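One structure, as structure tokens, below. Some questions next.
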Amino acid sequence: MRKERLEAFSDGVLAIIITIMVLEIKVPQGYNLSDLKPVAPVFLSYVLSFIYLGIYWNNHHHMMHTVKHVTGNILWANLHLLFWLSLIPFVTGWMGENQFKPVPVSLYGVILLMAAIAYYVLQTVIIKTHGSDSILARAIGKDLKGKISPILYLIAICSSWINDWIAGSIYILVALIWLVPDRRIEIIFHKEES
Amino acid sequence: MRKERLEAFSDGVLAIIITIMVLEIKVPQGYNLSDLKPVAPVFLSYVLSFIYLGIYWNNHHHMMHTVKHVTGNILWANLHLLFWLSLIPFVTGWMGENQFKPVPVSLYGVILLMAAIAYYVLQTVIIKTHGSDSILARAIGKDLKGKISPILYLIAICSSWINDWIAGSIYILVALIWLVPDRRIEIIFHKEES
Amino acid sequence: MRKERLEAFSDGVLAIIITIMVLEIKVPQGYNLSDLKPVAPVFLSYVLSFIYLGIYWNNHHHMMHTVKHVTGNILWANLHLLFWLSLIPFVTGWMGENQFKPVPVSLYGVILLMAAIAYYVLQTVIIKTHGSDSILARAIGKDLKGKISPILYLIAICSSWINDWIAGSIYILVALIWLVPDRRIEIIFHKEES
Amino acid sequence: MRKERLEAFSDGVLAIIITIMVLEIKVPQGYNLSDLKPVAPVFLSYVLSFIYLGIYWNNHHHMMHTVKHVTGNILWANLHLLFWLSLIPFVTGWMGENQFKPVPVSLYGVILLMAAIAYYVLQTVIIKTHGSDSILARAIGKDLKGKISPILYLIAICSSWINDWIAGSIYILVALIWLVPDRRIEIIFHKEES
């Protein structure tokens, strides 16, 4: 039962983060099409963050599926992940309202990097609790995606000072890499059952 | 179990969208009845959007009832629908604060149109996964409502440039058409059981 | 299962309403105790609305307990109740920010009155669906509280034009009347079981 | 079933409180690193409050685990706790935006103190309902943490007038004391089962 409450709480927080982000898209003053122009970059960064949060919800969902017993460490590692994700609306708003200027763009990358690390920590804690022979441990395997993403974020953070477009393109690239749902866990699950 | 989590997450997001919309009704400065006047159009557009979101929650609820296994495609088609619905508070605020001027009114229609398309995509993905003989496929049949609504939205989007009242009337008309809950699914369900 | 989703959705909306209301308490500019002064009336109206929403959640909870099958009418009667409750943060903010001036105070009463009527409608729809011999019908009996409250709200709405304090006192009085949870349903339930 | 709905509602409110707090971190005007400076204290107070709410969620979770039947008193004692916790975003924002000035810092302590008292009341009500031989009663034992925290809060509230840093350090200290999850209940539970 405890696991269900952890899932429900995480779902609640993720649902709220994904939805209050829309409050950062401020209603413009005028009523012409041209008044929507300053809203465009905020909208674009909203789309990007929406996809990222969707990916996190999806993968979190899969990962939690493998959890059998929730310990205090899992609980806090999960809250730690939610903490970094909760900052996404802030950096999304800052990046969008400043038309993708270097500092906001790299801070956006920093938050994504911290969230990726927090996700990795949570994953490690779950594997430690359930043993290296657990479903999650075998499903993740070499965890290529999980290792490449932080490196790509780091490149994005640094590159934002050189060129405006590299960082943004990398964020989109990482999203695309992850958009494919984590089928690895599903596959192992099906093998288990058969 | 996965289906339940998808439902719970969707319910959460819809509950938040429907509720934060009220934050767009800004508390007026003065304390006289006349100070409520500028709030009136915002309130009216809030009522309209509340009904629309209620309809979506209701129909989404019925549709999910027929889902037996959730695939990655269903999951993302569902997030895609939630994305467009999450923009309703923004367009509701913009339309209301500008006393139903042409551009905001037609943008409102664009978001409704995109949500309708996203709903159609989700429906198609579910039917593809469950087969053309599934409950949902038979329940929907010719899906007259689902086909008429986008056409009416398109007319509303275009008409908003000619006359202020046509678009608004069409939005109300579509809401009325849908207000009747999707009894088709219920009927098929009952036939199944008997 | 449908009933559970209706409960979960209502709980979600009520939890959000009760919590976003706190966003109406704007952080004051200064950092002295005196800067909290203008916040005091907003805080007081927050306390009152928090109690009202707590009462609604509690009684809604009890009433839903008696529901056996959810019809389209129950669903929309429930959304109708949530609609009026969703306006409470707005009137709470307006009443508080204007130090309980007549118009905001009476508008607060109007929203409470509409919510009371919506609650009555929902109750009637449930009884109609479940028969006059149902648990809810017998539990409510003469429904004295439900009949007195709207009258008291009406008096409050009118009196706010004569004297500042009568309306506020009536709102507190009605809250006190309801603060006693609806034990009637519990009693009948226990009788049923024994 | 009633207990599950109480848990779900509390989880919902806590998830929303923890998330809307991030809305107090206002997006800065400029786009340079220096523009983040005024955000730093708001961010720090956000981190502190996030940890506190995480602790409350965690301990609330453990305490509710021991509840067998929900009475009206438990329900209202729980709402009373949620009330004080719902004020945390407000005091967090006020404390952060004023760079930890004495009055906001001590008000932050007052809210923490009230929440601690509310938690104690809820605990007492649950024990009274379930008997002094109940799991919770034995698990809590002398309840050292529960008794020390209010005293530390009181010291913090008073000290904020003398020195800026004492209060803040005490808040961090109390958080650290509680960060260890309430294993006492888990231990007793395991003993019960074996």
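A few remarks follow.
By letter and in written order, the chains are A, B, C and D; residue numbering begins at 1 in each of them.
Keep this in mind: a contact is a pair of C-beta atoms (placed from the backbone, for glycine too) under 8 Å apart; a residue touches a chain by one contact, two chains touch by 3 or more.
Small disclaimer: the values here were computed from a predicted structure and weren't measured.
In a homomeric contact, the two copies may use the same or different surfaces; for subunit A and subunit B, under half of the interface residue numbers are shared, pointing to different surfaces. Chain centres here are Cα averages; for subunit A and subunit B they lie 27 Å apart. For the pair subunit A and subunit C, the distance between C-alpha centroids works out to 38 Å.
Multi-chain contact residues, meaning those touching two or more other chains, occur in subunit A at positions 8, 12, 16, 20, 23. Interchain contacts close the chains into one ring where each touches exactly two others, per the touch definition above. If you check the complex, the residues on subunit B that touch subunit A are 2, 5, 8-9, 12-13, 16-17, 20, 23-24, 72, 75-76, 79, 82-83, 86-87, 89-90, 93-94, 97-98, 101-104, 107. By the touch criterion given at the top, residues 7-8, 11-12, 14-16, 18-20, 22-23, 25, 27-28, 30-33, 35-36, 47, 50, 54, 57-58, 61, 65, 179-181, 183 of subunit C touch subunit D in their complex.
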